[in-house]
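In the two complexes below, subunit A is the common chain; its partner is subunit B in one and subunit C in the other.
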Partner chain A sequence: MTGKTTLTFALMDAPFESARSTTALRLLDIAAARGFDISVFAYEGAVMQTFALQRPHANTVHGRSAEEENHFLPKDAIAALFDAAKRHGGSLDWVNCGLCVDERGAGEAIAGVRRGTPADFWKMAEASHNTLVIPTRD
Partner chain B sequence: MTNYLLIESRDGIDARDSGGFCCELATVLSRRGDRVAVFAVQNGVLSLRAGAHAPGLTKLMFAGVSVQADLFSLRERGIPVDGLAHGVVPSELGTVIDCLADGWRVIWH
Partner chain C sequence: MKTLNIIASAYRATVEEQDDPIVWICHAMKGAGAQVDVLLRGNAVNYAVRGQSAKGLAFGGWTQTQPPHLEHDIASLCNKGVAVHVMVDDVARRGLTGVPMVDGVRMVPGDALPALLAGYDRVWHW
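What follows is the complex of A and B.
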């Protein structure tokens, strides 16, 4: 472990379903702004956070177009996190659990995301100053 | 002495399914001589309103546990800072990152 701060996060929540996902992205954004090296292991439904085929949609009930609806897409926020981490002198290493990806047919992830196993989470935690596990519960 | 930050994201700081975490664990650790803080986020801030029925909060304060409320979660729910129970400290989420970087044991129940 080097002197530079490295933090690992484990995520388990699927996108669009839990406030925990929003809080997780806020935490990652803060860590990126501080120039930390960040490792993320996405497990179970969390592998959908980086699914490249997420699409914005209109809201016909409220009569709004897709543009007016300005739908939040986690994949875009995470793509911005990769840029933010780099811009501030840090890095973001995002690993999706491979079996979780296969189960969900979520192989098409945004650029920068790699496929791994829970062993990667162990390696990340070993190489980090600290680790936060964000479990699935509301 | 070990530093612990316990994150509570659900309403009912002393409810049976979450209070075992926030109140009992925090209290036990504090009595053992560890430094303990509870950081409430999302619906976890609801129990921290002045006047809310949350005997667990008193228990935490009595045990010397620092209780903090995420400012963003407060704003989302229309809870003013001066509407918090006495002793609760409004804080930025960056507190969690600071604690992680400083080697605190951070546990999200």
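What follows is the complex of A and C.
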């Protein structure tokens, strides 16, 4: 382990269902802004966070077109986190659990995301100063 | 890096995954050489109860042929050398005192948790 701060996060929640997901992205944003090396292991529904086919939509209840609504898409936030980490001298290594991807047919991920296994999560954690798991709750 | 995985959320996706995802990932990480142990607390203490069966799930003409076997999955973890601790206090709160538990699990009272947790480099609360 180098002197540079390295953090690992394990995420479980699918997007659009829990505030834990956006809280996790806030934490990643802070870590990226500090130039940390960040590893993320997306487990179960969290593999959908980087699903490339997420699409914005209009919202008639809000009275806004798709362009006006500018719907939040986790994949875009995560793409921005990749850029932010690099811009601040750090890195973001995002690993989707491969079996979880297969279960969900979620193979189309945004650029920068790689497929892995729980062994990758363990290696990430071992190489990190600390690890935070943000699991799905009842 | 010795890590304790605390499982509190019980029966989370067990029907769909045909196992508990955290018990499963502990099996997988142990297989990859990780030093992992488990603490069952809250409703998850029921994972260690013997005699469970989730058989018989059917939707229309579709029948689940491989239901989750949590009791077996916990016993299998123990057999792989993973220490599986069960919170005695949570067992008692659920009226499970004296109910047969999986061989090999270690019953731990709440006041022993600080010492237990101090023995680990990392504690992950799933």
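In this text, the second predicted complex is superposed on the first by the 135 of 138 C-alpha atoms of A that agree within 3 Å, B and C clash if a C-alpha of one lies under 4 Å from a C-alpha of the other, contacts with A are read in each partner's own complex, and residues count from 1 in each chain.
In this text, a contact is a pair of C-beta atoms (placed from the backbone, for glycine too) under 8 Å apart; a residue touches a chain by one contact, two chains touch by 3 or more.
Worth saying up front: this structure is predicted, and the values here are computed from it rather than measured.
Q: Where does A:Ala19 make contact in the superposed view: on subunit B (first), on subunit C (second), on both, or on neither?
A: A:Ala19 sits against subunit B, while subunit C stays out of touch.
Q: So in the superposed three-chain picture, is A:Pro135 touching just subunit B, just subunit C, both, or none of them (first/second/both/neither)?
A: both
Q: Looking at the overlay, what does A:Glu126 touch: subunit B (first), subunit C (second), both, or neither?
A: second
Q: I'd like to know which partner A:Leu27 touches here: subunit B for first, subunit C for second, both or neither.
A: It touches subunit B, and subunit C stays clear.
Q: So in the superposed three-chain picture, is A:Thr5 touching just subunit B, just subunit C, both, or none of them (first/second/both/neither)?
A: The answer is first: A:Thr5 touches subunit B but not subunit C.
Q: In the superposed arrangement, which partner chain does A:Arg114 touch: subunit B (first), subunit C (second), both, or neither?
A: Neither: A:Arg114 stays clear of subunit B and subunit C.
Q: Kindly classify A:Arg87 by the partners it touches after superposition: subunit B alone (first), subunit C alone (second), both, or neither?
A: A:Arg87: touches no partner chain.
Q: If we overlay the two complexes on their shared chain A, which of subunit B and subunit C does A:His57 touch? Say first, second, both or neither.
A: In the superposed model, A:His57 contacts neither subunit B nor subunit C.
Q: Show me the subunit A residues, by the header's touch rule, that subunit B contacts in one structure and subunit C contacts in the other.
A: Dual-contact residues (subunit A): 130, 133, 135, 137-138.
Q: Per the contact definition, I'd like the list of subunit A residues that touch subunit B in the complex.
A: Against subunit B, subunit A makes touches at 5, 7, 19-20, 23, 26-27, 30-31, 34, 36, 129-130, 132-135, 137-138.
Q: Which of the residues in subunit C end up touching subunit A in this complex?
A: Answer in residue numbers: 1, 3, 9-10, 12-13, 21-22, 25, 28-29, 31-34, 43, 122, 124-126.
Q: Once bound in the complex, which stretches of subunit A touch subunit C?
A: 10, 12, 43-44, 117-119, 121-122, 125-126, 130-131, 133, 135-138
Q: So in the complex, the part of subunit B that touches subunit A is made up of which residues?
A: Residues 9-10, 41-43, 72, 93-94, 96-97, 100-101, 103-104, 106, 108-109.
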